[in-house]
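You will see two complexes here that share subunit A, one where it goes with subunit B and one where it goes with subunit C.
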Partner chain A sequence: MALNPLTLRKLRRFRSIKSGYWSFLILAGLVVLSLGGELLVNNRPLVIRYEGRWFFPTYGANLPGTTFGYDYGYETDYRALAARFHAETAEAKTRTDAPPTARSRNWLVMPLVPFNPNENAAYEGVFKPAPPSWAGGPPGHWLGTDTTGRDIFARLFYGFRITILFALGFTALTYLIGIAVGCLMGYYGGVFDLIVQRAIEIWSNIPFLYIVIILFSVVPATFSIPMRITLLLLVMVLFSWTSMTYYMRTATYREKARDYTAAAVVLGAGPGRIIFYHILPNTISTLVTFMPFTIASAITAVTALDFLGFGLPPPSPSIGELLKQGTQSLTTAPWIVGSAFAALVSILILVTFIGEALREAFDPKKFTTYQ
Partner chain B sequence: MTPDANQNPPAQPLLEVKGLKMHFPVREGLFLRAKRSNRAVDGLDLSLATGETLGLVGESGCGKSTLGKCIVRLYRPSAGQILFQGRDLAHAKGAALKAQRRHLQMIFQDPVESLNARHTVADIVAEPLVIHGIGDAHSRQRKVRELLDRVGLPANAAERFPFEFSGGQRQRIGIARAIALGPRLIVCDEPVSALDVSIQSQVLNLLLELQHDLGLSYLFIAHNLAVVKHVSDRVAIMYLGKIVELADAEEIYRNPRHPYTRALISAIPEPDPLRSAHKQRIVLSGDVPSPINPPSGCAFHPRCPHATDRCKHEAPALRALASTEAAPGAATTASPHHLSCHYDL
Partner chain C sequence: MHRRFFPHTLSALAAAALLLTACGPKTDSTKPRADSQAPAALSDNTGAAQARAFYAEHPEFFHFKTPADIPADLAWEDGAELPEVGSPAAKKGGTFNTWMQDFPRTLRTVGPDSNGSFRGWILDNVSLGYAHRHPNLTDLREDGFHYLPALADRWALDRETKTVYIHLNPAARWNDGVPITTDDALFSFFFYRSPHIRAPWYNNFYGTKYAGITRFDAHTFALHFHALRPDIYSLALGLSPTPAHFYADFGEDFTERYQWRVAPSTGPYTIARDADIAKGRSITLTRVKDWWARDLKHFRYRFNPDRIRISVIRDSAKAFEAFRKGDLDTYGLGLAEDWYDKLPDTAPEVAKGYIQKIKFYNDTPRPTYGLWMNQATPLLANRDIRLGVQHATNWQLVIDKFARGDWSRMQTTADGYGDFTHPTLRARDYDIDAALAHFAAAGFTRRGPDGILVNAAGQRLSLQLTTGYEHFKDMLTILQEEAIKAGLDLRIEILDGTAAWKKAQEKKHEILFAAFNVGAEMFPRYWETYHSVNAYDVPFIENADGSLAPNPARKPKPQSNNLQSIADPQIDAMIDAYDRSDDLAEMRALAYRLEEALHADASFSPGFVTPFLRHGAWRWLRLPEDGNVKIANSLESSLLFWIEPDLKKETLDARKTGKAFEPAILIFDQYKKD
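Right, the complex of A and B next:
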């Protein structure tokens, strides 16, 4: 199906707004990178060649230390393994009869940032925040480590991934419910509209934060982390879809009263066809412009909840949790709050630029459907 | 209610409206209870024969569009019957109503509003075929091309969008959509009043041509008497939800009987300055009363120059005038002249 030329023109206009377009490209690139994040930021190597065998541990099973000749049964410390292979190569080169290209038969490739967000690296035997590598900290930690010795870059990277996926899922669900309910209210109107509106008013006055606090204090400890994240997402959606219905309800009322809807009725179209084929395509373009702002508010909301300790369950990496640590150790480890703050601000600026550009491109004052 | 508004041919009319009422509740007060209602159409009878064009004229707010929308069942009438091909549409629903919709279409006033801007012309014209499950994608495409050609649009219009066309062309798209299902009756709700004068006649001629070729009947709603005269076989004059006069087009222009009709006809601009000098203009005083609170008796009495006490208390019925009363020289095939007035003025 060909895109409507009006839509094409809006998209072209969006592309012509450089700040928004580049923000969109950067953010989309970051999301794509973060989806394959295990290949970039991980303590497992991309590939291992050991005694003539190949290993690809990134997405595979846990390889115990015994696989590589260690005497421990827990997961291999790959950075130590890398150091060992390095030493083997160095030793091979020191042999008198070694050709200049001599190296160990064993080798591995570590990801760009060889740390796992949940891995506590203890330096000098204690868990304490280490400054960034460029400020005299241990090598490899570009942004230093947090209060329990976890790499801040890895935590920010995975925190970004969880947050943005959470925000996208949140936006998709709130739009789905809000559009469905708002559209039904606008389409059927009358008593149905009146009752649902009152119900929404009551519902939206329930204090969200208390519900979250109460809910997570009664959730049994057996719930896994993905289950807890899903639960938090559902609770947030449950208390946020209502604002979408207001726009959708009025937009549907407006479109329903227009003659093309009447024409469809006269032709014999049923409610399903009228809603999905006629009304929705005409109302959704305005809703698209809200979307980046919904995403931005979802990111802020989940960060705030994390900051308060009611958000993503520990040890999930998150920006809010880093901010919380950082403010608590502001004097001893200012780099924690610094990088978390910078990351949050950058994400929000990117999203807001996209939103501004979308709003500008979809501005009906410039591009009306009436020529 | 008049016993019968039928005329030639004596066979069953295509459309017969009996005692139709459309009252919209006026919700007010704290609990939005409907205490009063807007009587947009208030007990109206008319009939329409196959192949006939009935012009429906009235001021804005007289309920003529509401009547049209009731007939195509955009509204569910409060009371009365709409007999279309012998079936009552007023209370039809579901599949029975959908089946009748194939034969009953509408052309809208505003061709910008009545075409969905998100769909191509091909989508718009093919939609009735899709809804009624006629043909496959290929045969529909062929049919769309036929229809576009029929209404005088180029074949390459199919892939374009409504906003790429002028007002008259858009109205042609609306007409192509309306005739796609091969209807028998089309309600034309002021189909040319949104168009340029230069385009109006082209679209009117297209409508007349289609009527001739396809045997269509039109209920032609308008406020422009000159346009109505051009297209209509018979003309009905509506005032506050009721028909006050109904006669052959020629007859009603030559021999208007109702004071309201006379006022309307005297308001038609006369292009000939010699004749316009002699023309007597009847100017009505006051505004159209609110259909929420219509006057007692004859609804026209507050503005009628001939009103008597009887008019204030007693509502006149629409009655057929004896043919002798009709003006001499009226067409021989003339249908009875109907009038809703106590007096023969």
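Right, the complex of A and C next:
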């Protein structure tokens, strides 16, 4: 698709605003990384060479312990397996006739962070928060563990993935509904506008939090975790699309009065074509500048809901849930709240920088300079 | 935790009582009355007048006789020889500062919203019944527990007529000064059976458990029963009267009208001034001056603080900080995290002896924490699946790693009932091989790609685990991770407490993690939770040969406590025999057989029991030598401790100067079981 030169100029402008551009690159990088998160943060190895056979367990089926000569049928404890292979290598080296390069035929490669966000690791024999490895905690847990011994880095990492995907989905859906309804209101105006506006006013007075609480207390038992997350997303969208309509409505009113719209009407274009081909591209600056802030507010909202206990169903990793744990053990395990807070603030800062830069780049008053 | 109200807290029925002073029952009006000078201004529509009409309507229940009708050969008991409770060293005075999470929604002790945690402070912990079970002597006599006198000064049992005679202490007063008489005892049976209180449980309890009440004189009455059960004394003596003079405006609008009125109680504490209720912030109780029972043998060392101030602190972490600051005198350290990490023995306040750490092992019926599996759901109807779930549930790991070895495993459905708890039955251990064998027997033989078992039809072995206890969510994820090893997928569903309970009451759960909060009763109950009438509308149909078969069209019965949907004619028969029996030995044998049958049925996976109470307490809060009573369920429930204002000053000064005292880690393990 060929971009119109004006848009290209705006994008160039965006690139020239360093804080926003770099924030965008970092955030985009993080999102891409998190999509392949199983390769980076996982208790399953990337590759296993065992008795001459190759295994790639990351995305595959569950490999029972019996595959690797253990006597249990549940999923292999790969960290124990790694230790076993390591011991085999050590033993091979100790043989008197062994060449210096001797090693076990079996080996495996663990991901960078060898923990899964849901597994409980005991610290000092019990499930309690372990301090980060650099502060005297057990090795491997860069940010320590939470109150039941789950790795905080792994939970933050997957929590970020769920949150950001949730926020993107939220933004896409609210925009879809908000833009469509807002444009229609602005384009048709009159009685239609009046009625829809009143309807929106009534709708937006329904207390969102209560609805979430009520809804989640009656969700049928058969719903799986992804379905429950989707449901939360839909409920949030249902109560958030309204604010977008106001901006779109006014923008459409304005654009509708311009000559090019009149020209399109004269040329015989239908309302759908006029709204989506002519008016919408001209209101894009409004949309684009709001987007990062919508994302930020979605992240905050889902975090707040988790904090209150009405968000993502357990044991989904989530930043809000960690924050809650952290505030409850502020004195005994400050690293929990520290990590969660730092992560949340970093994400919000990145998103806000992007938003600032976008707003600047798409600002029609081009002579303003970004400080 | 669900605080389901349980009838065993009969002392709980105490606070709201009604004094039938001015207007006695008509049949009785010819006799002079000791208390006839009480308020006379009651109009004809007062609670008392309504009660009189009620008595007249129910002559089969309310009887009026003269002292001459009391059998002469009764063996009266008075419990005077029982050992005292508490410490002679206890001092009266000082203010006890504690906290609650929410401000109470009402000061009523009955009706909607009244069953909150605050009720303990106006009812359960502080009021007197006719006589109390001795809280340390828990062995059973032929007639039940050992009872010590409270409002009654003597009582007697007539086995032939299944009647308990009760004589009230003539000195007994409501804490507003009005004497307590037999008429208040009668009034309870009007009050608690009235639809206006909007408390169906009480309506049912008072309407069905008792066969009648007879008034002899102002201080003597008798309660009649349908059956002579071993707990007949508990049912009779555990009641308490209701103050008729206070319920003058009793009527349909009772719940609103009495929402914030302070009822006179039989106990030593009352809310003395309006200023003592700071709505949303705190409530302060004051000890009644010259309380009538203050010198009675069994009460003189109890109820020591002059004032009890209960502040609202919504966040427990914040309450802990308030405690550490010295604003609260105690804080519950039940959680391992609190006891070991937040307030370790090395914490400066503990090491310097300012704060004492107290661990008290109690011996009382245990809340039934465990997994309640609903047999009315397709998978769990299969006993092999239930057995598999039992073996796939790693409670021991939870106890060892989550509770740091402090809890112990619950073994039966009724632990902590002394002789009534099955002595040898043991809950099933976590055993992956056994679980897999049982699941295989149910057709789940193959592991799917995610490690979860699948049957021939491709169905995954996946069950919903519902709970209303948000604070146990991490513990459930431990069970979940462990169950995966046995090929079982537990989908955890955390609901709001009320919603979870509603779901279970409608029998829409597959597995519920919950506990019934049981009181210190004599023997466990089985009818509510295991009888088939509480499982289905029409549980069985009769075969041609007269035997019973499950009714294929039966529907789960909502609003009942048979959460496992157990319907077994043999269990029913045992429960019926158990509930009819008047012989302790026979009941005990039946209880053992019932436990064995329930163990075999395998739809309750017993979880854990917490065999102790743990608290932190500032140095000025002193405990008796034995710490607390054997059946204590909280530090506050028996109110044996006392406050020493001098020590408080000394401790606070020492904290400023850094002076240290001997550290106090108090362990009371005289009631500990191995």
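The rule we apply is simple: the second predicted complex is superposed on the first by the 365 of 371 C-alpha atoms of A that agree within 3 Å, B and C clash if a C-alpha of one lies under 4 Å from a C-alpha of the other, contacts with A are read in each partner's own complex, and residues count from 1 in each chain.
In the analysis below, a contact is a pair of C-beta atoms (placed from the backbone, for glycine too) under 8 Å apart; a residue touches a chain by one contact, two chains touch by 3 or more.
Predicted model, so just to flag it, every value in this text is computed and none were measured.
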Practice problem: Kindly say whether there is room for both subunit B and subunit C on subunit A in the superposition, answering fit or clash. | Solution: fit
Practice problem: Once the structures are superposed on A, label A:258 by its partner contacts, choosing first (subunit B), second (subunit C), both or neither. | Solution: first
Quiz prompt | First, second, both or neither for A:273, with subunit B first and subunit C second | solution = first
Practice problem: For A:282, decide between first (touching subunit B), second (touching subunit C), both and neither. | Solution: first
Self-check item: Angle at the Cα centre of subunit A, taken between the Cα centres of subunit B and subunit C once the superposition is applied, in steps of 10 degrees
Solution: 120
Practice problem: Pick one for A:61: touches subunit B only (first), subunit C only (second), both, or neither. | Solution: second
Quiz item: Who wins on subunit A residues touched, subunit B or subunit C?
Solution: C
Practice problem: Check the residue A:188 against both partner chains and state whether it touches subunit B (first), subunit C (second), both, or neither. | Solution: neither
Self-check item: First (subunit B), second (subunit C), both or neither touched by A:313
Solution: second
Exercise. Pick one for A:6: touches subunit B only (first), subunit C only (second), both, or neither.
Key: first
Quiz item: With the two structures placed on a shared chain A, what shortest C-alpha distance in Å links subunit B and subunit C?
Solution: 44
Self-check item: Shared subunit A surface residues [contacts with subunit B and with subunit C]
Solution: none
Quiz item: In the complex of these two chains, what residues of subunit B are touching subunit A?
Solution: 69, 72-74, 97-98, 101-102, 104-106, 108-110, 112-118, 120, 127-128, 131-132, 159, 161, 163-164, 174, 177, 181
Quiz prompt | Residue ranges of subunit C in contact with subunit A within the complex | solution = 316-317, 336-337, 340-342, 400-402, 404-405, 432, 436, 447-451, 464, 466, 470, 473-478, 480-481, 484-487, 491-496, 498-499, 503, 508-510
Exercise. Name, in rising order, each residue of subunit A that touches subunit C in their complex.
Key: 60-62, 64, 72-75, 118-120, 122, 125-128, 147-149, 213, 216-218, 221-222, 224-225, 309, 313-315, 327-333
Practice problem: In the complex, go through subunit A and note every residue touching subunit B. | Solution: 2, 4-6, 258-260, 262-269, 273, 278, 281-282, 369-371
